[in-house]
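The chains carry the letters A, B and C, assigned in the order they are written, with residues numbered from 1 in each.
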Amino acid sequence: MAHARPNPLFRNLMAKLAAIPMILTAMVVFVGGTAWTVTYSFTNSKLLPREKFVGLQQYERLWETERWMVSIENLMIYGICSMVLSLLIGFVLAALMDQKIRFENTFRTIILYPFALSFIVTGLVWQWILNPEFGIQGIVRGMGWVGFTFDPLYNAQIVIFGILIAGLWQGTGLVMVLMLAGLRGIDQEIWKAARVDGIPMWKTYLFIVIPMMRPVFITTLVIIASGIVKLYDLVVAQTSGGPGIASEVPAKYVYDYMFSGQNLGQGFAASTMMLLAVLIVVIPWAYLEFGGKKRV
Amino acid sequence: MHITDPSISIRNLKLSFGAVEVLKDLDLDVAQGEFVVLLGSSGCGKSTLLNCIAGLLDVSDGQIFIGGRNVTWEEPSRRGIGMVFQSYALYPQMTVEANLSFGLKNAGLPRDEIARKVAEAARILQIEPLLKRKPAALSGGQRQRVAIGRALVRDVDVFLFDEPLSNLDAKLRAGLRVEIKQLHQTLSNTMIYVTHDQVEAMTLADRIAIMKGGQVLQFDTPHEIYARPSCLYVAEFIGSPSMNFIDGAVAEGIFAAPVGDIALEGYDFAGPPGTGPARLGIRPEHIASGPEAEAMPVRLETVVELVEPLGSDTLVRVGVQGQSLWVRMDGQAVVQPGQALQVGFAPARAHLFDKATEARL
Amino acid sequence: MSEPASLSATAAGADAVAPALSGPRGPRPRKRLSRANIIVYGTLIVVSLYYLLPLYVMVVTSLKGMPEIRLGNIFAPPMEITFEPWVKAWSEACTGLNCDGLSRGFWNSVRITVPSVVLSIAIASVNGYALANWRFKGADVFFTILIFGAFIPYQVMLYPIVILLREMGLYGTLGGLVIVHSIFGMPILTLLFRNYFTSLPEELFKAARVDGAGFWGIYFRIMLPMSLPIFVVAMILQVTGIWNDFLFGVVYTKPDIYPMTVQLNNIVNSVQGVKEYNVNMAATLLTGLVPLVIYFVSGKLFVRGIAAGAVKG
């Protein structure tokens, strides 16, 4: 009977060995990398990281830079519009698709296919369609309406909306699919009950179905939001930040300062601000979703 | 009951998940070749206990012996057990034959020996024609036979069954129940069988362990458990419909209740008859009605409240002094709600429990 | 209501049985072109046209010659179909000093995507399996960190990874980029596999353990054969994701191994030379072709992939 209790470290040893890549990724890259960047955002690193701490100097400079302010403003406009519009369009499309229509698969395939394309491809196509000379503006002018102006990519005031059009084209399909999954997840007896009670369809959607889909809405919102913060490729492809600096975004600011501006400290400070923005969105969500519960 | 050479013995077993104690200091001895049923409602810890015996859950404290060997930290495959699961747990991508031989292959047995054992198990369970099929092509009953076969080929002393019949329909269940009993008689190895179905427990078991809250409340033969439940919970749990209870107090061989004083003549007290608040239990099938009630030592004048004809029997709820009692009557009995009915029972067949400790008096 | 009163006596006699015969009976008549239907289908068709428009524009532009494009309308179908832009985009378009077309980027992307997909799925599926079935102490902590990691902007981790790769001597190499893709694919894929393996009956795992199979035995003999669909879903997710990547390609590789997306952007947005819109659109279409083919072929699995990856993420 006297055999020693096995060392707990070796219980499920194989599982632990197999999880080493995951543990390294989580601890070294995600935790370690983030901590490293945040730490070095307080240094005056230029071409190479160095440990000369200068307090909040990088942040002060960041918030005094016009390009950063423009980036933030653009991200806010793009973010709010993109969230509201993609939720709205996505939900309406999903509700239409949920009317037991024929050719549902065809419609879904068409609306979702842009999501399979990269932001680079998306940006370049829309750059072409919005080309003032040959694109929509050119065609309308060609039809005789000479004064017609629609050149979002060349107008600093509205360039961000030109990017928004492309972003929505690429992303609403996903929102629609998520919403449709949410609608399908609703107990069909709710609809039967509403029909027996004589509640009109729009009222059922507004007062019964949408409140029931709250978790789906929240999850979708978090997905859209975390995608918005990463907005980069689309801008690079469609406008390269132009005209001037009118369509700059934070992610591009970070990249440019880190890899071509030789000003790492600025890049670190800017990326830390991005992290902060994400935390403001994610932490309350995670708290609401998983707070108190152990399961992730 | 003391067992000299136990097949399985469990000593001070504890298991907790975080702060939740699932098994509390549990002891159990199972004799060689015994058929033991772990019975309880869901969440009582019966499946957890079985998983601990199988080695599929790590215990927090205590010891498990199988065949005299301490297997507390042993791998499941080295404990000398075979296990049958509720969902059959057949490997869907393998044929029946491959399912049966998977464990033997892992144990590194020679090919011809595997073939011999698989053929033997298939013969016993009469599943030879199914060997080349995939589980998806089998009926529920056939699947469960294959699952039993998988335990059978392992040539082990102990079989563990985790609610093996719960996924089957009622008719198949009764058939397979008989087969399992027959199998036990043929093989005569130790079997531990988890179920929440008291009919399965009563019919199959040599002994039943009734569990609640991670503890064994009573571990006894089916007859004893039915006739002398050791506590209020067991009394309530066993029997369908369940036992009637009357609240009152016991003093000097008299049970005083709102329905009247009941003299406990012929009642076999578990210890010295005490005094104090108590509950008296009587099973519906032990309450006589009509002319038969005349012969009973205790008689009550009641009014019929509700009638539930079941065909073979008729269940009748009667009321007396604000107390409701269920009475099992013959299926042919003609009773109407509102009708007066005399019922009676013998205190010898009643059960008395202490109101506070819930233990049998 | 007053109708029966005006009926003659004989008619009234016949009318006695009428309530059973007249009135609604049988299937309810359905209007094919109800107002609701027109709105539903009308909206969906208009929306579909809007979504298809860019694809159409890409195709027609890429099939036109430059003179025709200069004439104007980007929506007009080509008067004269030419495949020259496609040939040029594939084998002649210039990025910097190289003028061997997008084919270089295409093959780079293939060489990046194949090992990245294999490695990331191998790691993530084992992770998911270990998390679902072998819950060891602390596993949930690492998993939670991993999932939170999915929300950290890549920009925060870009430079630390540069340093790590440089230390390993992998910065600017294909191997380095493969590792980066495996790292950033890990949260979503691990979640996908964990949820899938958790949904498999736990009793199968228990039965296999009673049968004496170990960690890898159960993974390869029991779990893998049951999980082909989820592997296909993961593959679709990863192939499109990695093929479409731009940021990691541009940060962690050098120009001669740039993936297709980076090369495409360099071709189209290069400031030198005359803009050849037809070549640009052919190049764009070529780059989008791989994920588009995967999308149209895989159909519902793609939807399942993004829904599984997204809804639970």
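One rule holds for everything that comes next: a residue touches a chain if its C-beta (ideal position, glycine included) is under 8 Å from a C-beta of that chain, and two chains touch if they have at least 3 such contacts.
If you want to know which protein each chain is, UniProt gives these names: A, C = Sugar ABC transporter permease; B = ABC transporter ATP-binding protein.
Since this is a predicted model, take the numbers as computed values, not measurements.
Each chain gets a centre from its C-alpha atoms; the one nearest the centre of all protein C-alpha atoms is C. For chain C, the chain with the farthest CA centroid is B. Computed centre separation for the pair chain B/chain C is 53 angstrom, with centres defined by C-alpha atoms. Annotation: 15 Å between the Cα-based centres of chain A and chain C. Taking the mean of the C-alpha atoms as each chain's centre, chain A and chain B sit 56 Å apart.
The set of chain B residues touching two or more other chains is empty. In chain C, no position touches at least two other chains. The set of chain A residues that touch two or more partner chains comprises 11.
Chain contact summary for the complex, chain C toward chain A: residues 36, 40-41, 43-44, 47-48, 50-55, 57-58, 61, 69-70, 72-75, 123, 126-127, 129-131, 134, 136-137, 139-140, 142-161, 163-164, 182-183, 186, 190, 214-216, 240, 243-247, 251, 261, 264-265, 268-269, 277, 280-281, 284, 287-288, 291-292, 294-296, 299-300, 302-303, 306-307, 310-311, 313. Chain B contributes residues 51, 54-56, 75-78, 81-83, 85-93, 102-103, 106-107, 150, 162 to its touches with chain C in the complex.
Of all the residues in chain C, the ones that touch chain B in their complex are 201, 203-204, 206-213, 217, 221-222, 225-226. On chain A, the positions that touch chain C within their shared complex are 8, 11-12, 14-16, 18-19, 21-23, 25-34, 36-38, 40, 49, 93, 96-97, 99, 101, 105, 107-122, 124-129, 131, 134-135, 138-139, 142, 169, 173-174, 177-178, 181, 216, 219-220, 222-223, 226, 229-230, 232-233, 236-237, 240, 250-251, 254-255, 258-259, 264, 267-268, 270-272, 274-275, 278, 282, 286, 294, 296.
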